[in-house]
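Letters A, B, C, D, E and F mark the chains in the order given here, with residues in each chain numbered from 1 onward.
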Amino acid sequence: MRAAVYRRAHFNAAHRLHNAKWSDERNREVFGPCNNANFHGHNYELEVCVKGNVNPDTGYVMDLGVLKQIIKEEVEDRFDHKNLNLDVPDFQDRMPSAEHIAAAIYDYLLPRLPAGLELSLKLWETPRNAVGYPV
Amino acid sequence: MRAAVYRRAHFNAAHRLHNAKWSDERNREVFGPCNNANFHGHNYELEVCVKGNVNPDTGYVMDLGVLKQIIKEEVEDRFDHKNLNLDVPDFQDRMPSAEHIAAAIYDYLLPRLPAGLELSLKLWETPRNAVGYPV
Amino acid sequence: MRAAVYRRAHFNAAHRLHNAKWSDERNREVFGPCNNANFHGHNYELEVCVKGNVNPDTGYVMDLGVLKQIIKEEVEDRFDHKNLNLDVPDFQDRMPSAEHIAAAIYDYLLPRLPAGLELSLKLWETPRNAVGYPV
Amino acid sequence: MRAAVYRRAHFNAAHRLHNAKWSDERNREVFGPCNNANFHGHNYELEVCVKGNVNPDTGYVMDLGVLKQIIKEEVEDRFDHKNLNLDVPDFQDRMPSAEHIAAAIYDYLLPRLPAGLELSLKLWETPRNAVGYPV
Amino acid sequence: MRAAVYRRAHFNAAHRLHNAKWSDERNREVFGPCNNANFHGHNYELEVCVKGNVNPDTGYVMDLGVLKQIIKEEVEDRFDHKNLNLDVPDFQDRMPSAEHIAAAIYDYLLPRLPAGLELSLKLWETPRNAVGYPV
Amino acid sequence: MRAAVYRRAHFNAAHRLHNAKWSDERNREVFGPCNNANFHGHNYELEVCVKGNVNPDTGYVMDLGVLKQIIKEEVEDRFDHKNLNLDVPDFQDRMPSAEHIAAAIYDYLLPRLPAGLELSLKLWETPRNAVGYPV
């Protein structure tokens, strides 16, 4: 028997979308208000999905208390109440778009999961905007 | 790198489920209160999903501000505060069920998207009822 | 000991805002798309609040199962899947604005409640628009 | 034309996670507070997804009023306001984890659906924890 | 300057409504499925409201991190993953209705707040049923 | 007849809680991660409540389309995608706590409302933290 388990988490952060290879004008044109030099911010809502076999002794794909702790260490401790551009090394040379944030979270979470499980994420940047990764 | 982006939108409309090929009795039997001759209505919540490659220069699958504007022009301007049966040509000869509304929205949005992107929709007719298209 | 109890319910309906004493032009100007002659519609979410003394034998202000049934008979059976302008006598001569719908619901619910209880309502016409009555 | 329809339902129940083959110590270690001998409980939110062809006469994959009634009979009447360990035969010898509850619901719903439809479920045990089945 | 601050928290628990002074028949009649001898359960969502003066040096009515910690100690540690009837002394001789649970929470939280602040609560037993205390 | 109307809006912004009269150590102690020198951010959800008499000709306390536009001009245009500390004059010398943001919003909205209406706000800084003003 195979199933998926989902765990939701929350962090909030400041960021700015700015491509250093481009002129200021092009940055404003492409990123609009998201290019604000003084940053803006979001409450990020994360839904982590883990698929795998159900252990008949526990009835679990994996213990969601363990998953909650992994998300705390790998995601909340790194990103919560931070400036993604200035405080988080992952986004020194990479745009902190929701797509890239989701990919970075994926890369942090995957090695922490028990072997044989499949990982995917949905990340809301606002109540109306979200990304999914991988697809 | 491939990802999905999601954008939510809202419109409200009146409609009625009625098959002109059937007797009034059969219509009442099949569609129940949804067959009310004077119409009823809903707040429709739409989640548009677009999958594709992430542009490394922007970190975007596509600009969600652009997607928001496309949804406004193709969905909200056509359907919001309308009677789907009387005001919207798509449903002159086609039942305005949530399934068909989702298919009509898909047909309007797809040609407006940049080439190479994959489109799908989830449409809530009430907080408890929704459809997905395509599947 | 005094407390409040809240019960949520749902109905959906078509309506149109139109003042028969005014010209068509003035109606369009004041009510905009809500004046559409063919109606539009909403999912109405209702939160009923009842305040009163807590019965120490039951721990209840009032039985929420009873309140649910009263709301079904007085609100859902009257308004759900209806055209408020055409199917509901209350709005023959009264604008079916959310404010007036809330007042009509109040007048139907109050006589059905046990004596000595205080009633108030919040009614969402969309996820972003609501009314409260009385205040 | 193929589409998915979704219907949400609700039930609440008590349960306890305890493996009778294990020592009390091991049970406490593995299940933590979920092992409480006196039970704890949840509001379970269920989203049923049914995929299939859209009937052009109705515009429906299937009538959601019929699906609502099937969910009432097979899920709510069995599980609502129950103790899953003591009152529900399915969990006499099987851990009432969300994964197993979802699988039991799947097995009750599938035979009640019209032929040719594909069924899947998402079941929230708390606002932050959910399972999907099958995957 | 006076303001209110709100903090949300979550716990889940089993309970049973049963008045020991009454016959089993009367209990079943009054409490229906909530009288199930084997208990049922809920996810309780709590919103704590604290009103008071805003400190101009901090911009705070009170530090919501402190309030979160007080709620953890006084509410979550006492009630989460518990059987309210069997594990919580407050409900040995008092019906664990939402009204009484809210009153018990109020009595635990009030002495922990800084002097001069006004406390009130809203407690959801299900997404559709809630209580407020005091009123 | 008197009623309340509610309108929800959204903006996102970066901010930092820091009292220039205090040492860095005291700031870190009092504000914790909210003191991060590089800022963090939030999605702010605003619910504006306006109470007043219902105009019998329109059924309105006030036109919610007008209120939506006032909120856009006075709140969204000022605060959305901004750094509250650096980009918004209101918070040059005043802590951008949710309490103070709500008070600033109140002061901008009140003069724009028709005479005789009563204004109050609820502002969510995260899904679990909110403020109300005035009280």
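Throughout what follows, contacts are C-beta pairs under 8 Å (C-beta built on N, C-alpha and C of every residue); 3 or more make two chains touch, one makes a residue touch a chain.
These numbers were taken from a predicted model, which means no experiment stands behind them.
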{"item": "Shortest contact path, subunit A to subunit C, counted in steps", "value": "2"}
{"item": "Chains contacting each of subunit A and subunit E, listed by label", "value": "D, F"}
{"item": "Between subunit A and its twin subunit F, rotation from the CA superposition, multiple of 5 degrees", "value": "180"}
{"item": "Chain at maximum distance from subunit F, centres defined as averaged CA atoms", "value": "D"}
{"item": "Rounded Å distance between subunit A and subunit B, as computed from the means of their C-alpha atoms", "value": "28"}
{"item": "Distance from subunit F to subunit B - Cα centre to Cα centre, in angstrom", "value": "33"}
{"item": "Centroid spacing, where centroids are CA-atom means, of subunit B and subunit E in whole angstrom", "value": "41"}
{"item": "Junction residues of subunit B, two or more chains touched", "value": "127-128"}
{"item": "Interchain contacts (touch definition) - all pairs", "value": "A-B, A-D, A-F, B-C, B-D, C-E, C-F, D-E, E-F"}
{"item": "In the complex, subunit F residues that touch subunit A", "value": "10, 12-15, 33-34, 36, 38-43, 45, 80-83, 86-87, 126-128"}
{"item": "Subunit B to subunit D touching residues, read off their complex", "value": "17, 19, 21-22, 30-32, 94-100, 102-103, 122, 127-135"}
{"item": "Subunit A - residues contacting subunit D, complex", "value": "1-9, 49, 51, 54, 56-61, 63-65"}
